[in-house]
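Below, each structure is written out as structure tokens.
In what follows, chain A forms one complex with chain B and a second complex with chain C.
Showing the complex of A and B:
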């Protein structure tokens, strides 16, 4: 039984193995980018809209709405990163129903890579919002004694994010494999449906958590000067991992 | 659980590439299209608002125009009513004037007819009195009226007071002794001789008498020397009668006018 698609190696490019994770990731990328290109090459700004454009607009507006629920202003700044994260994980998880498809999110390498991207994105967006000095100051809040704990918080957050997604994806695969061994007829179908549900939920959770981390890092600075900015959402989630 | 570091790096790069691709092919384009549509809708809403404002202005203008027309109509009606009233007054005045004129005309016509009637009446009365008196004298005194008239006239000449006689004689002298005796009836030869004799006897021997008839005398005789006149006829009596008849007619005319 293969737990991670990393173990499936199609061919080797010198010392680098081209695993199923990379191949199916490229497949998902081609699907998303190609689909977007096909639809958006004949966009209209009028009232007559094609079905594909309508679908993309609905997806985009849904993601924007979710981002706006967390961020009060400037949702479009976070849209490409958070939206891509959500769409990539969602499509990868949904395509599990395709026979022979191995979800790239089932690989700890992928989830770690995504978590590292979030780990990098948090300071990047923080610096973009408040400048390098302002961002670094947040590690000394409320006092310089908290610096090690703040750094630890950043690291554990990344680890938790990656392990969370990988664990959920891997567990689905594991349960399906075990259930297949026990009851080979109907149970795997039910597990597949459950796997789809879990896959969608995980995509949502991963994206929202990443957004919350990024936004909370940016908001710490905003709360400092006046001390009047009361955002319980960002503050409470910051220590969640 | 091993982590393949090459896969990890590759996946990181893959993800960043996917972010870039989707940003280019998906987010930017769709957001641009939606913004464009929103701008179009906002533009159309603005156009609709402008059209609405324009329509409201047009409506206000139309209402003002209607009000003005209504006002003008009322003014025209009032003016027409005034003109009609003035025209009515003018027509009424004209009718009154015409009625007054017709009344005056009628009164003049009436006056003329009355005068004609009175003239006719006077003549008829005179003739009737003459005929009646003549007939009465003829039957009662056994003498014709002309002879009586002549007789009366002769007696009047005979009974003239000296002053009156002298005045007549002076006039006769002024007219070179010519006198004219007018009667309403032709005098007989005998009567002429009697009258001529009487005149010669009382007024002068050298008088030349000329006889003539005058229908206006109605009944009587008149002696005229220049402007002096000595006469006896029914004219004075008829004039009194005429005055009384005129007074009665005037009273009847006034009553008639008052009735109308």
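Showing the complex of A and C:
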């Protein structure tokens, strides 16, 4: 029994082992990019809209609405990054039902890479929104005594983001494998359905947490002069274990 | 006792204890959060989207401590570094 798809090596390309994680990440990328390309090749604005375009529009509008619920203002600024994270994690979690597919999110390497993207995106969006000085000032909130804790929270939340997704996805495959050994008839199916639900929720959680981190770094400065009238919903969740 | 036997025994006991202690405490906390959220939903059904989103985020954060316990116990059982080290010593 392997706890990570990293251990399954298909073939070696010189010094680089091509593991199952890499291959299935490429598969998900090809599926997402190819599907989007097929649909967006012939976009129409009239009354007769193709099914694929409708699907993509619904997905896009849902993600944009969710982002707007947290941000209130310009949702489109965060849409590409958050939407990409959400769609990639969602598709790789859902494709677990395909036999033989090992979810790339069940490997700590993939989830660490995704969490590092968020780790980099937080200062990038923060500096884009309020400049270098303004962003660095957020580390001194509420007082300069909190500086080490703010830096620590930046690091620990990256770790927790990656381990949360990895643990959830790994536990899904693990429980299915253990259930298969104990009660192979009916029980693994139920656990797989539960695993699908957990996969969708985790994709949502990952992208919402990424959004909350980014927004909380990007908007502290805006509240400074105006007082507390700009009551934020998402920004209050900062510094988590 | 052989060090390999000792490591195996302690690893399995600690792996069970990790999930056995970590998961119930997390479950109590999550049940508490859900019950409060249900109360809030019953009082203010209009605020359902905000409450459920915050509940999901909070549950995910709480859940992660149970997931840490699970990951640690899985590492102890399936990818134990000490076990592999002493197995290598015994084999080589």
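Everything below uses one rule, namely that the second predicted complex is superposed on the first by the 235 of 241 C-alpha atoms of A that agree within 3 Å, B and C clash if a C-alpha of one lies under 4 Å from a C-alpha of the other, contacts with A are read in each partner's own complex, and residues count from 1 in each chain.
Just so we're on the same page, contacts are C-beta pairs under 8 Å (C-beta built on N, C-alpha and C of every residue); 3 or more make two chains touch, one makes a residue touch a chain.
Please read these numbers as outputs of a predicted model, since none were measured by experiment.
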Partner chain(s) touched by A:107 [first = chain B, second = chain C, both, neither]: first
Contacts of A:6 with chain B and chain C, given as first, second, both or neither: first
Touching partner for A:33 - first (chain B), second (chain C), both, neither: first
Touched partner set for A:77, first chain B, second chain C, both or neither: neither
First (chain B), second (chain C), both or neither touched by A:160: second
Touched partner set for A:68, first chain B, second chain C, both or neither: neither
Most chain A residues touched (candidates chain B, chain C): B
Overlapping contact positions on chain A, where the chain C interface meets the chain B interface: 3
Chain B to chain A touching residues, read off their complex: 1-12, 14-19, 21-23, 25-27, 29-34, 36-37, 39-41
In the complex with chain C, residue positions of chain A that touch it: 1-3, 69-70, 160, 163-164, 166-168, 170-171, 174, 201-202, 204-205, 208-209, 212, 233, 237, 240-241
Contacting residues of chain A [partner chain B, same complex]: 3-4, 6, 16-17, 19, 21-22, 25-26, 29, 32-33, 36-37, 40, 43-47, 53, 56-57, 60, 76, 79-81, 83-85, 87-88, 104, 107-110, 112-114, 116-117
Chain A-facing residues of chain C, complex: 49-50, 53-54, 56-57, 60-61, 63-65, 67-68, 70-71, 74-75, 78-79
